[in-house]
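Report on one structure; see the data block that follows.
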C-alpha cells in the first residue's frame, strides 16, 4: 500500500508528511521546535494545554499542532509575537493556578513547566496567584502525588489507561476544581486497581508525581519507555 | 447474555437496587449507560455514595475512577445526602436580574447555609440551578420539587418556613 | 560623573539573594566603584533616602511593614528590581497563603509555643492576609527570578543597568 | 402506518371535533403548571362534569406563550384567552361558555404580543394536546414523513433543506442543509442523528417549550433527517432539569413506535428509525457537539478538538448529524410547504422565524416566535410591551454566556445572525434578557463569568484558569478594589481566552465582558476610579476598607 505524502510549509520551509502525521510530528522530524505540555509521544494527543497552537495562513483560528493534520500546501507559522504572547500568558496561568514553588520542588531543574517558562522568557507571573489549598497524598508505598504541582495535563490518566491498562487515574470535577484521582478518590495507597508500575510518575511533566526518597538531582523523569512499548505492542498485535 | 452470567450482586437486599439494575440492564450493561445508571441511583437513593458507585462500576465493567470522574463532572449528581427538604434557587439570567441573589442571601441569613449546604439539623438543603427554564416567572425557586415563580425574598422565606416547619 | 545611587531592601526572604549578590566576589569591587550604596541591610543607614536610581528588592510582601516600605521605596526610586523568587513569586513565604492568618498565628505562637503561648500584638508587624510578590503592590521595572539568582546573572543585569542599558530580555532566568 | 392510515386518523379526529361545541384549552407547559395550571384543568373538568355539559372538551395543551400571565386558558371557538386563572374561577368560566366572557380574566389577543408573531415552529403549540399522537396527526403531523418516505429520495430531502436556507438554531447558525449533505455523503454503514436539547443558556427555554408542547414534531424532524442522511438511530439529549419535557418525549416515542412511525419499516418502506432519550446531568458544555457526543457515550462531557467534525467521525466514531430541537422542529413544515416557501420568510441570509424566550425587565415575559429581520425594538417594546415600572431600557442580552449585551443605539437593528455578530453578540439559542437601568453591566458581566467559570470543563488551560481569573478581576472591579492595571489585565485575558481556548464555550466566554466593555466602559471606570456603582447594585467597599 502506498502512503500518501503531503507537502506543506512550516516557517517558510518545505516539509512533507506521511499520512496520519500531525503538524507537531513533522515539525519534530525537521527539528522545528514547538513547545508542548500535555502532548507526549506514545500517548493519544488531547490538544488541551494550548501551548502548541500555531498559525495557519488564511485560517482565522489558531490550531493545536499536536492534533492538527497538515493539508497539501498549508502554510504553518510556529513562532510569532502573537503566539509567544499567548504561550507566555498560558504558562503564567498555569503558575497562578496552583502552588508551584520551584525552589522547594523535587523536580527543580527537571520540570517541563519550569523550563517552558524559562524558554518563553516568563520572568514573572502577571495574573494573580490563586493559592488554592491542596493536599499531598503520600499513602502509596513508593510514590507521592502533590496536587499543588499538578497542571492537569492528563498524561498520568492516559498512560494508565492506554498503556498500562489499569485506568487507576481519572479526573474529578470540572473547571478549576478538577483534580486527578485514583479509584473512587481514595488514598493512592489504598487503590485496588493500581499496579504500582510507576508509568504515571515518569510521564508527569512536573513534580506532581514523584518517587519517594529521591533527592532533587535524582528525580529525573524517563519517558523513553513509551514509544518503545507502543512499537512493541503494535508489532505484537 | 455474557454480562448476565456474571452479574454483580446488589450491595444489599434493599429493593431500590432492582430499579438501578433494571436501568443498567435496559442499556445492556454497556458503558454508555453510565449516566443513565447514575440518574437511576440518585432517583432511588437521593444521592451517590461509594457503595452505589462501586456497584455501578462493577456492573458496567468500568474503572471506579472513571465512574467517579463522571459522577463529579455533572452537577446534577450529588455525592452528599440532602436534607429532608430542599430548596433550589434558580440562578438563570432572568432570575438573577430579578433578584435571585437576594433570595439566597435571605436563606443564608435565616438558616446560615450557602448553596450546596445543609442545615446541621438536616432539615433543609439549599441548592442552585443554572436555569430551570422558567424565566418567564423569574425569580423561580423549587421547594421540595414544586416550582414557584415571581417570589420575593420574604415570600420565599415564608414558603420555606412552612415546608420545613410542617 | 556622579555615582549611581543604589539601594537594596530586604523584605520577607531568607537573605539568600543578598548573599548571592555578595557572591559576585571580586566583581563587587568594580561595581562598588560605580555606585553609591545609599541604603541596604549591608550598610548602616536608618532612613531610606530620596532620589535613588536603582533599588533592588529581595523578599515577598508579607506584613504591613513590608507593604509600607515597598510603597515608600517605590516613591523614591527610579528603577526598581525584584530580585529572587520571593520578590518575584512570593515563593516560600507564600506557602502560608493556603492557611488563614489566624490559623497560622495560632499554630506558630500558641500551639507550638513552649512558654507563654500568646499571639503577639506588639513589636511584630501585623501580617497581611496573604504574602504576595512585589509587583502586585508596586510597579516593578526589572524581574530577576531564581532562588537565589546566580551571581553571574545578578552581575550581568546590574552591569547592564550601570552602563545605561536595559538588561537583555532574552537572557535565561528561571524560577527555582 | 401508511399515508392512508394517517388520513383515517385525521378524519376520525375531525369527526370527533365536529361534535365538540366548545373547547377549553388549558396551558400545561411547565410555566403554567408551576402556578397551578394542573389544578385549573382538574377544576374545569370537574365543573363541566358536574353540569353534565355535552360537547364541551377540557384538555391540556402546550405553551400558549404569555408565561408571565399564567395559568392561561384559551376558549375556542370564541377564541377568548383567560389569564391568571385559578381553580376557583372554573365555575365562572364554564358558566360563561357561549355567552359573555368572564371580564376580570380576559386577556386581549389583539395586542402586538400575539399579533406580531409568526408561527412555524410553534404552529401547534397551545393548539394540540401534546400527549396525543392523533391530535398531532390531525394537524398534518407525520404527513411530511409519510410523503417523503413514499415519494421522495433522500437526496431530494437534503436538497429541500438546502433550498430552505435554514441555519442551525442552536447558536452558531451553520447552514443545516450543508450539514445534512456532509453526513449524507460521509461513508459508513452506521450513522447517527442526535437532537441537542441540552438547552443550557441561563435565560432560555425554547427547547423545553417545544418538547413540552409538540414533541412529535421533533421526532418527525429527526426521522426525516435519518431518512435523508441514511441513519437508523437517533438520540434526543434532554436536560434532566426538564422532567415534563422528558415525560412527554418518552410518551411521544412510545406512541410513535406503536403507530409504526418510529421503529422498523416505517410507512411500509425499508426505512427503520429508532429514537432513544438520553438525560443530561447539568453541564452547559454538553451543548458543544463533541462534548455532547462524549456525554451520550456515557463519559465526562469534555470537548475534543475539531476536525474531525462529527459529520465525519462522531458518536462511536460514526458520521453523526447533530441539530438542536428548534432546527428539527422546522423540518416538517419545510418538507410540507417546500424549501422555497421557507426561504421566502426572514432576511436574505437568515431565513424563517426564530423562537425567543423573552425575559428579564420587560412587561410580557414568555415565549415568542418572530420572523427573522424583525427589529429588537419591535420585540422588546411592541411584543414585549416595553419596560415595566416606567424605567429606562439599558441593554438586551442575547446568546447567553456566549453572547453579548446590546445597548440602546442598536435597537433598530434587524435580528439576524450577521447583524447580531456585528455588534459583538450572537443569535445563540434564543434567550433574550432585557435589562433596565437597575442592572449594573459590570455585575452582569460578572454573573456570566461566574457561570462560565463553573461550567468550564477544565480540559484546556485558558478556559479553566482564564475564566476563574477573569471572574476574580470582575469581582474586584465590582467591589471597587480594582485598578486600571487590573482592567488592562482583564482585557488581555479576554483576548487570550477567546483565541486560544479549545471549544466554543471557552472561546466565547469573554463575549459578555467584551461587549459591556465596548458599550458600557464608563460603568467599569466608575467602579474603578470613582469607587461608585452607577446602578447601585454593587456593594462597593469604602476606601478605608480597601486599604485595610
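A, B, C and D are the chain letters, set down in written order, and residue numbers restart from 1 in every chain.
Everything that follows uses one rule, which is that a contact is a pair of C-beta atoms (placed from the backbone, for glycine too) under 8 Å apart; a residue touches a chain by one contact, two chains touch by 3 or more.
Everything numeric here is computed off the predicted structure, so don't read it as measured data.
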Farthest-lying chain, centroid of Cα atoms versus that of subunit C: D
Whole-Å gap separating subunit B and subunit C, where each centre is the average of the chain's CA atoms: 51
Centre-of-Cα separation between subunit D and subunit C, whole angstrom: 57
CA centroid of subunit A to CA centroid of subunit D, Å: 39
Centre-to-centre distance between subunit B and subunit A (centres being mean Cα positions), rounded to whole Å: 35
Set of subunit B residues in contact with two or more other chains: 66, 69, 73
Touching two or more other chains - residue numbers and ranges from subunit D: 283, 300, 454-455, 457
Overall pattern in which the protein chains touch one another (line/ring/star/complete/other): other
Every chain pair in contact, whichever chains are involved: A-B, A-C, A-D, B-D
Interface residues, subunit A side, partner subunit B - complex: 161, 166-174, 181-185, 193
Touching residues on subunit B, where the partner in the complex is subunit A: 50, 53-54, 63-69, 72-73
Of subunit B, residues touching subunit D in the complex: 30-36, 38-39, 66, 69-70, 73-77, 91-98, 129-138, 140, 146-149
Contacting residues of subunit D [partner subunit A, same complex]: 283, 300, 304-305, 307, 453-462, 464-469, 472, 489, 492-493, 496, 499-502
Residue ranges of subunit A in contact with subunit C within the complex: 95, 99-105, 108-109, 111, 114-115, 117-119, 121, 123-126, 128-129, 131-134
